[in-house]
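Chains here go by letter, A, B, C and D, matching the order in which they are written, and residues are numbered from 1 within each.
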Amino acid sequence: MKKVVSLCFIGALGVLLLMLVSSMPRMGDPGSPTNRRVVDRYLEKAEEETGTENVITGVILNYRGYDTMGEVTVIFTGLAAVLAVLGREKRGRVYAYPDRSPVRSSIIVRSAAGFLLPFIALFSLYTVLHGEISPGGGFQGGAVMAAGMFLFAAAFGLWKAGRTVPPRLRFAVEGAAPITFFLVGVAGLLGGGEFLAYMLPRVSAGLQPALRTWLTLLVEGGIGAGGAMIFISVLMALAREEVGGGQAA
Amino acid sequence: MGAYRHFPILIITVPLVTAVLMPALSHRRERLCMPLAAAALSASTVLTFLLYRVIRPAADCFLSYRLGGWEPPWGIEIKVDFAGLFMLSVICSVSLLCLVYSRKYISKEVEPGKAFAYYSLFLLLSAAMLGFTATGDVFNMFVFMEILALSSYALVAVTGRRDAVRAAFKYLLMGAPSSIMVLLAIALLYSSTGSLNMAHLKELLAEGAYSRVVFASLVFMIMGFGVKAALFPLHGWLPDAHSIAPSPISAMLSGLVVEVAVFALLRLFFTVYGAASGAVSGTSEALGVTAAAGVLFGGVMAVLQKDFKMMIAYSTVSHIGYIALGISIMNEQALTGALYHLLDHGLAKGCFFLCAGAFIYERDYRRIEQLKGASRRMPLTCAAFAVAALSVIGIPPTSGFISKWYLIWGSVAGGKYLYAAVYLIGSILAATYCLRVIYYMFFLPPQPGTWEGGGEAPVLMLVPAWVLSLGTLLMGALSFVIIGRVQEAAGLLLR
Amino acid sequence: MSDALSLVLLALLVVTALAATFSRDLLAAVIVFSGYSLVMALLWQRLQAPDLALTEAAVGAGVTTVLFVTAIFKTQRMEEEGGDRHRRGGANEKESVEK
Amino acid sequence: MGRLLDNYHYAVAAVLFCTGFYSVIMRPNIIKKIIGLNIMETSVFLLLVSLGWKEGGIAPIHAGGAEAASMVNPLPQALILTGIVVAVSTTAVALSLVILLYRQYGTLDVDRLMREEELEVPAAGPEGGEG
């Protein structure tokens, strides 16, 4: 009975949504509201106003920088939530990971991963640093880096991955993104502008564009490093299982 | 305006960043977490109350903060008007009190290695509510809603008890699709207008283009926020999550989180969709009917409960119905009542859960019949509960009376006598479930073997509970100072 | 944008979404979901959103899938039949999944 | 029918939304529900990206003297980047709860989880957890 009701509900929702689709503005129409309003300033002035050739980066970090600050806080919240549910690793305890089986990943996987990893790392770094002029940016690069680390973990084991990126490093870097945002924001505030204005106090107007570029890079780096670390911490928290040694610590 | 200009952003970001510092303290210095969190929230509270010096309920008197200096339709705007400031101050004060209360309670319920995560999430929750209330951009609202949602799911589960984890998962299973519905609503709104800024949207919606899409987006918004606010048919997650969470979190969820979602509905109705009058009048009728059903259903369920916190949780379903019903009536008196009820509900429900937490902390008593004779050993806790109960019922010197007075006045003035009757029946139900507990506490002898030895709850838990319950008295007694301004703010929203 | 490739990608999206929904093998569902994300990334590239394509490929197909697979390793691989067989609780018995 | 055929991207997004919603409310397995959530979320992203697309548009990157007038709308793309982060964070939180639930109940089946609810003694003290 409940099933039938739910199915009817979903069916009705689908029909309504399709009806709605037919009364929405035509897709790809240059005159539709989405392509007509607000957007022209981004397209025409972003390069000059934000100093980024990639307009998306300009929108993410400048026009809607506050959203991005919220975004990095969301992912941090995700980490804090996972840790609140599953707990943080503690010193002096022994943890096991689900891939502890004696069958190791094959030589092909390991050597392929070993071959690919440097390229992935390089690519992610490039994505972070080059986000202003080509597709990419802090978070994109951080995600690529995290995916690379996951590949490492799949090939060489989570235990080893946990050693390669030790907890201490992760604890320090996890909060990097919101903190850099906050610092850059407050710097803009002290510089006489608004929060997130990418300004520093006592910098002459001539240096402003260069300063903006450097501060943007700083934020991108913070997002990239913080994002990658958070993903790794989340994976480790999901994967690990306590096996003993707890009482002594 | 001077330095006041920057207050809104600092109110939001200071707790946000303090929350991020917590994991770095997780090794050895976990004791520092609570004082640090308290300092951050106190700073926000002080800044919020200072804003009353510059923001008044007048059409042109609000703070608009342009992030990064970009003008509104392109950049994000934080906009604090009087109604927003009113909500911000409720959020700040109640969460600060709950944080103080957590100090003792959490050391008992949460294992030490997780306390840092608790305080971090607590701050994120408060900061997200502040950001959510203050923002003037619909997508930014979604981002803060997600911070709010993720932190509240985890806070429900933080004790790691079986039922807590399941309640949190149930909450997530209803909360996450509702977030997606809000996102869908934002996408539809964007498709028909091309903007995300609330004030700009209001102008654009006045043109009346793509009215079907706009109507659909409002419906999805109401469904999405309705789940978050636990409006009647969508309240399924609330009783479990609110009754099983650690008590200070119950107080936060019940006193603030659901309220913030209702406040978002209020914002959307009046600040965003206000101009698209067809959409609003169509949906407000439906909202009114479901809210009225929620008032009665929540009240009846609360009367039937045996578990103390479960009773308070159902009472929340009922009281959220009060506020939503007030919004749906759409006149100045009812809206004044709804705004004032936001304050009253935050204080009274917060106090209820803090008192329930005191019983759990001291005795591990959760059932109502275990509270028989409680006043012999814990008179102060019981008295705080009784004072807050007066406000929940709506007995004169309390703020609950003032808000109900305005709500009923509004429904009579709007010609909706049935809704006035619903409010009265809701009050009678509230009287039934509150007075039963008070009767048990003060006038019945304890069950054998329950209230022997032991004493009052610790001071750090009593003080927040008492501040909240005295707050309801004070806000009722001093309402003549505030209510005029709230009424002006309500009038502004309607314009 | 009515070119054949986009149509094929859109059709693939629906097929993978349905397959992920109806498969009883959770691991298979997750792998199919990873394919769904990849198709989505390709589609976004077609819609001139290279940043999103990059992110979706890394996050949707990479990170999310790994998180799912981890969770499945720690729980169980198959969906349960309706109500006849009751599983034993506990942390340490896991279905051995060779991959 | 209006513009249903013109807007076939939106239509596919609607179908995916319903598929995901079906998975969330009808499939008893909780991992399936989480996959459904992700499908719902990406369907909205697909809708948003398609909204920002323009006939003959190019990616909004100014490299090589590209013309501003022919670029697609960058705003939805910026929003979805945030949306993707939200989706993956929600998934992570949900999966952590799933792992803990499985440890405590030994099942991934929602019906079975809810059945245990009835058997359980209400208001048990702090027990369980992961010790």
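Basically, a residue touches a chain if its C-beta (ideal position, glycine included) is under 8 Å from a C-beta of that chain, and two chains touch if they have at least 3 such contacts.
Predicted, not measured: the structure shown is a model, and the values here were computed from it.
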| item | value |
| --- | --- |
| Chain pair, A-C or C-D, that carries the greater number of C-beta contacts | C-D |
| Chain of greatest Cα-centre distance to subunit D | B |
| Centroid distance [mean C-alpha coordinates] between subunit C and subunit A, Å | 20 |
| Centre distance in Å when subunit B and subunit C are each reduced to the mean of their C-alpha atoms | 37 |
| Whole-Å separation of chain centres (CA-atom averages), subunit C against subunit D | 12 |
| Length of the line joining the C-alpha centres of subunit A and subunit D, rounded to whole Å | 17 |
| Contacts with 2+ other chains: residues of subunit C | 1, 50-51, 55, 59, 63, 67, 70-71, 74, 91 |
| Interface hub residues of subunit D, defined as touching at least two other chains | 8-9, 15, 17, 21-22, 50-53, 55, 57, 59-61, 75-77, 79, 81-82, 85-86, 88-90, 92-93, 95, 97-100, 104-105, 130 |
| Subunit B, residues touching no fewer than two other chains | 111, 139, 143, 146, 150, 153-154, 157, 160, 165, 168, 190-191, 196 |
| All pairs of touching chains, each written as two labels joined by a dash | A-B, A-C, A-D, B-D, C-D |
| Contact footprint of subunit A on subunit D as seen in their complex | 1-4, 6-11, 14-15, 17-18, 21-22, 25-26, 50-55, 57, 59-63, 68-69, 71, 73-79, 81-82, 85-86, 88-90, 92-93, 95-97, 99-100, 130 |
| Complex contact set, residues of subunit D against subunit C | 8-9, 12, 15-16, 19-20, 22-23, 27-29, 31-32, 34-36, 38-39, 42, 45-46, 49-50, 52-53, 55, 57-61, 72, 77, 80-81, 84-85, 87-88, 91-92, 95, 98-99, 102-109, 111-112 |
| For the subunit A and subunit C complex, residues of the former touching the latter | 27-28, 54, 56-57, 98-99, 101, 103, 127, 135-137, 139-140, 143-144, 146-147, 150, 153-154, 231, 234-235, 238-239, 241 |
| Subunit D contact footprint on subunit A (complex, rising order) | 3, 6-7, 10, 13-14, 17-18, 20-24, 26-30, 32, 34-35, 38-40, 42-44, 46-47, 53-56, 58-60, 64, 67-68, 70-72, 74-75, 77-79, 81-82, 85-87, 133-135, 139-140, 234, 237-238, 242 |
| Residues of subunit D defined as touching subunit B within the complex | 17, 21, 24, 30, 33, 37, 40-41, 44, 47-48, 51, 75-76, 79, 82-83, 86, 89-90, 93-94, 97-98, 100-101, 104-105, 113, 117, 120, 122-130 |
